[in-house]
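Each of the two complexes below includes subunit A, the first together with subunit B, the second together with subunit C.
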Partner chain A sequence: MKGFWFRIGPIITVVIAIFVLWYAGAVALNSAWAQDKAKRADVTLSFSELVTDTLSQEKPKLPAPHQVGQEIWKTTGQKVIEGRAFSKRSLIYHSWITLSSTLLGFAMGTALGIALAVGIVYNRTMDKSVMPWVIASQTIPILAIAPMIIVVLNAIGISGLLPKAVISMYLSFFPVVVGMVKGLRSPGRMQLDQMKTWNASGAQEFWKLRLPSSMPFLFTSLKVAMAASLVGAIVGELPTGAVAGLGARLLAGSYYGQTIQIWSALITAAALAAALVGIIGMIQKLVLKRMGMAQ
Partner chain B sequence: MSTVISAKNLSLTFETNDGPVHALKDVNLEINRGDFVSFIGPSGCGKTTFLRVMADLETPTAGEITVNGVSAAEARKARAYGYVFQHAGLYPWRTIGGNIRLPLEIMGVDKATQDQRVNEVLELVHLEGFDKKYPWQLSGGMQQRASIARALAFQADILLMDEPFGALDEIVRDHLNEQLLDLWARTNKTIGFVTHSIPEAVYLSTKIVVMSPRPGRITDVIESTLPKERPLDIRDSPEFIEIAHRVRDGLRAGHADD
Partner chain C sequence: MIWLVLAVSSWVIGMVLNVWLSKRPTTRFTSLAVPTIFGLTLVIIWECVVRGFEISPVLLPPPSAIAVRFATSTPILWQDFVQTGLKGALSGYIMGCGAAFLLAIVIDRFPFLQRGLLPVGNFVAALPIIGMAPIMVMWFGFDWQSKAAVVVIMVFFPMLVNTVQGLQATDAMQRDLMRTYASTYMQTLIKLRLPAAMPFIFNGLKIATTLALIGAIVAEFFGSPIKGMGFRISTEVGRLALDMVWAEIVVAAIVGSAFYGSVALLEKSVTFWHPSQRKG
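So, the complex of A and B:
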């Protein structure tokens, strides 16, 4: 039990600290509006009245955690109870839209990343020429290039899931390339010499030595790629005026000043990212343990 | 006795930023079938480079080397030798059996033969029953034995060993030396063995090649007069001490021109 508290203790402390700061911030930021209202109604607010008001406004500058919690419950759990989990007002529906393009983009980005890494490791010309472009691609602000990707793809008749997935791919292939180049090059000179003494072919060297050696690097990259992929999917939903997805919820919320809706979409996105990265972490643990490479 | 490895006027020069480094210069040597040849000398004397040239891991800049009567490259492609590195280099994601199977898989040996070979070589290095274990479950000495087993698995006649016991402690080392002699007697392999330990070289070898650096060259070749049967306490015999003395003299002579 001591070990449990040893692990959980620091996490709980941080969570409590965040909540305290959050509530304090909510009171501070929302009090101006509360005072304004009171002034117009010609009443003076006591401190407790002020606090109560700041934590229960309809369009607060900073919604309080419980308001966000209630909104998330209203748009997820309650919808499930009502049997309308996939209605347009349900965050589950919007999360699913974003998740599907995240996963598609992640898969495409991983495939592209590994393919480029293999090219870079095995082809001298690619080694010299591709990496600068890969790095350059990440220096372009995604917000600037996302609308263009959507417009261009729309012009050639591709719309819906794929354009958003392409933006996810654009962000997620980068960590995979960088990690896999390092991973595929991780076997030492001795291991490569050893392969040579057995007169192994290039393909054998790849499948039996380089690829297994790169696994720890791959999983670390995949975690970063997954988070980047989700960001890409959300950003992809912003410029299109998409009607569905967590990005669309953020956009709609900001149009109508629905700060509670914005925050609940943000928290959901963060939880989704944490869950996805967590799943990769679990797979990583299992695979590396099976491979005798667990740290 | 037939010649297995033959080097004639072998030279290897590495071009570095500080100018050329003569790793090997005019090296001549014949190794016969069934020989146990040790290469001894201070670091930089080219002993490892010489072994790597035999294995076609380095290409000589001058001279000629033949292994089994053909060029080193052809011999490597024909998988004429097993090479043991200083570090066991077992793949952590493969069991001991899987590691030994690795070269066999690469060479396209069928599954039944693989299983049989794994059992054979594990028996040779006294690791019976360890085929399902992972490398991290074995001690350093056991890992090195597994790596020797892997080098033996494809039944090459030549075994090249580059300071295989260099990273192990003295006691484990003695033990492995004894086992290596036993293995050599049972398999009749030709062994090339790089070391920087005089007792190890004298204890193991039928032929001791003493080398010295700058440029890397052979200063003495000593044919051992010790019997093939060698218990560990042979190291206290006058004969042993005399050979060790000659090796030490050879090493000192090489250093004299520094």
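So, the complex of A and C:
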């Protein structure tokens, strides 16, 4: 048990420290507004009054954690109890919109990434001509052209899920290509020669040696790809006029100064990212264990 | 029709040329020429297809139109670059990477912090931090300060995690050797551990270059003065002046590649001893 606390103890300390800092920051940042209000009402605030006021403002500069928590509960759990889990005011609805385009983009990006990686590993021409451009493509800040992609695809009649998914795909295919090329090339000379002595065909070599040995690389890059594709989906929602999705909540919140709404969308997005990456991590553990590759 | 024939023929020529080139022994020339031909072919096909199918410039302008627009509006592009590239991205990049580097050295000194902050840092590095942009715009105003702030928090965690990892890259034998030389903590840090951490630090710096530019541009979507690359992109999209948007993208691509390239060059001269940098 000592090992457990040895590992968890410092993490809990850091998390508590973050919350303490958050509350302190909320008091510090919001006190200017509270003082201003008190001055106009011609009262002087005692310290405890100041603290209560800073932690319960309607549009604070930095909302306190419990305000964000309440907002999230109000827009998720409470809606479920009311039986309106998918109403437009519910964060579950917005998360679902974002999640669906994230997953679609992730699936497309992974498929494209693996296909490109196989091509690069097996075809010398592709390796030489495509690989440098795959790397160069990532020095272009693709998120910057997200609005254009959305508008153009809208203009030719593709709207809704797909344009956002395209952006997610663009962001997520890169880590998969790089990881899979590394993984498919990871079997050593010795192992490849062994396959040759067994008279293995090209397909057999791929399915029985290269693909299995690329699995650890694949999962590592899938985690990166998933995080990237969530970012892509959120940014993809910005230019659509703030209709639906977590990105739209962020934009609407920033238009109307609803800081609590921004923070609750942000925390939800963070939880979503953590959950998605966590799920991939679990699948990775299961698969690698079945394959006898777990460390 | 003639444009489509041109498109197909240039595709075939490019492909044949590349297949032929890549079958020859690899030299400096071929490793440069093959991707160049590939890229050029793509641009030519783009031009020909846009002209051949008479695609409206509102959807996809041909490369030639983008080049013309780029050449005629360099003052605006330059002004946007200064606002976003230098003031927003570069200042944030330097502040964020510098702060992360210093914190990493502190973390490395105290194992308790290492065990506590590293998992949290790893977790935060996977979060959609770009979402902090509207909050930063609210706190620091519309001008470049808020963009720099977004860049700082975006580059901070990847840099932190990489530097901490790098500082652990020395093995026990090397540290023992420094001990037998009776070297102090500072001496070990400067002469052994920082040099050994350099490949990791540069990895973090390279990841951060892309993030910095993205952060600065996306932050401008949430509010900006009337200049800047992100501002220009979002307004010109609204006016359907896509050639201007593409010109802005070309600038972003050039800046991004140059930024990345200069960090990579610096890496080459600092970590010349590392196996990944050696030739042959």
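In the analysis below, the second predicted complex is superposed on the first by the 285 of 295 C-alpha atoms of A that agree within 3 Å, B and C clash if a C-alpha of one lies under 4 Å from a C-alpha of the other, contacts with A are read in each partner's own complex, and residues count from 1 in each chain.
By our rule, a residue touches a chain if its C-beta (ideal position, glycine included) is under 8 Å from a C-beta of that chain, and two chains touch if they have at least 3 such contacts.
From a predicted model like this one, the values you see are computed outputs, not experimental measurements.
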Message = Looking at A:Val151 after the superposition, I want to know if it touches subunit B, subunit C, both of them or none. Which is it: first, second, both, neither?
response = second
Ask   = In the superposed arrangement, which partner chain does A:Gln204 touch: subunit B (first), subunit C (second), both, or neither?
value = first
Message = By the touch definition at the top of the document, which applies to A:Leu230: first (subunit B), second (subunit C), both, or neither?
response = second
Ask   = Counting only touches as set out at the top, which of subunit B and subunit C does A:Leu266 meet: first, second, both, neither?
value = second
Inquiry  = By the touch definition at the top of the document, which applies to A:Lys196: first (subunit B), second (subunit C), both, or neither?
reply    = first
Task = Using the touch definition from the top, say if A:Arg7 reaches subunit B (first), subunit C (second), both or neither.
result = second
Message = Which partner chains sit in contact with A:Ile81 here, subunit B, subunit C, both or neither? Use first/second/both/neither.
response = neither
Task = Classify the contacts of A:Ala41 with the two partner chains as first (subunit B alone), second (subunit C alone), both, or neither.
result = neither
Key: Partner, of subunit C and subunit B, that touches more residues belonging to subunit A   = C
Message = Need the overlap of the two footprints on subunit A, from subunit B and from subunit C, as residue ranges.
response = none
Query = Of all residues in subunit A, which touch subunit B in the complex?
reply = 190-191, 193-200, 204, 208-209, 212, 215, 290-293
Note = Contacts from subunit A onto subunit C in the complex sit at residues 6-7, 9-11, 13-15, 18, 29, 61, 124-125, 127-133, 136, 138-145, 147-148, 151-152, 155-156, 223, 227, 230-231, 234-235, 238-239, 246-247, 250-251, 253-254, 257, 259, 262-263, 265-266, 269-270, 273-274, 277
Message = Taking the touch rule as given, give the residues of subunit C at its contact with subunit A in the complex, in rising order.
response = 15, 18-19, 21-23, 30-31, 34-35, 37-39, 58-60, 112-117, 119-120, 123, 126-128, 130-135, 137-139, 209-210, 213-214, 217-218, 221-223, 229-230, 233-234, 237, 240, 242, 245, 248-249, 252-253, 256-257, 259-260
Key: Residues of subunit B touching subunit A in the complex   = 52, 55-57, 76-77, 79, 81-83, 85-87, 89, 91-93, 102-103, 105-107, 134-136, 154
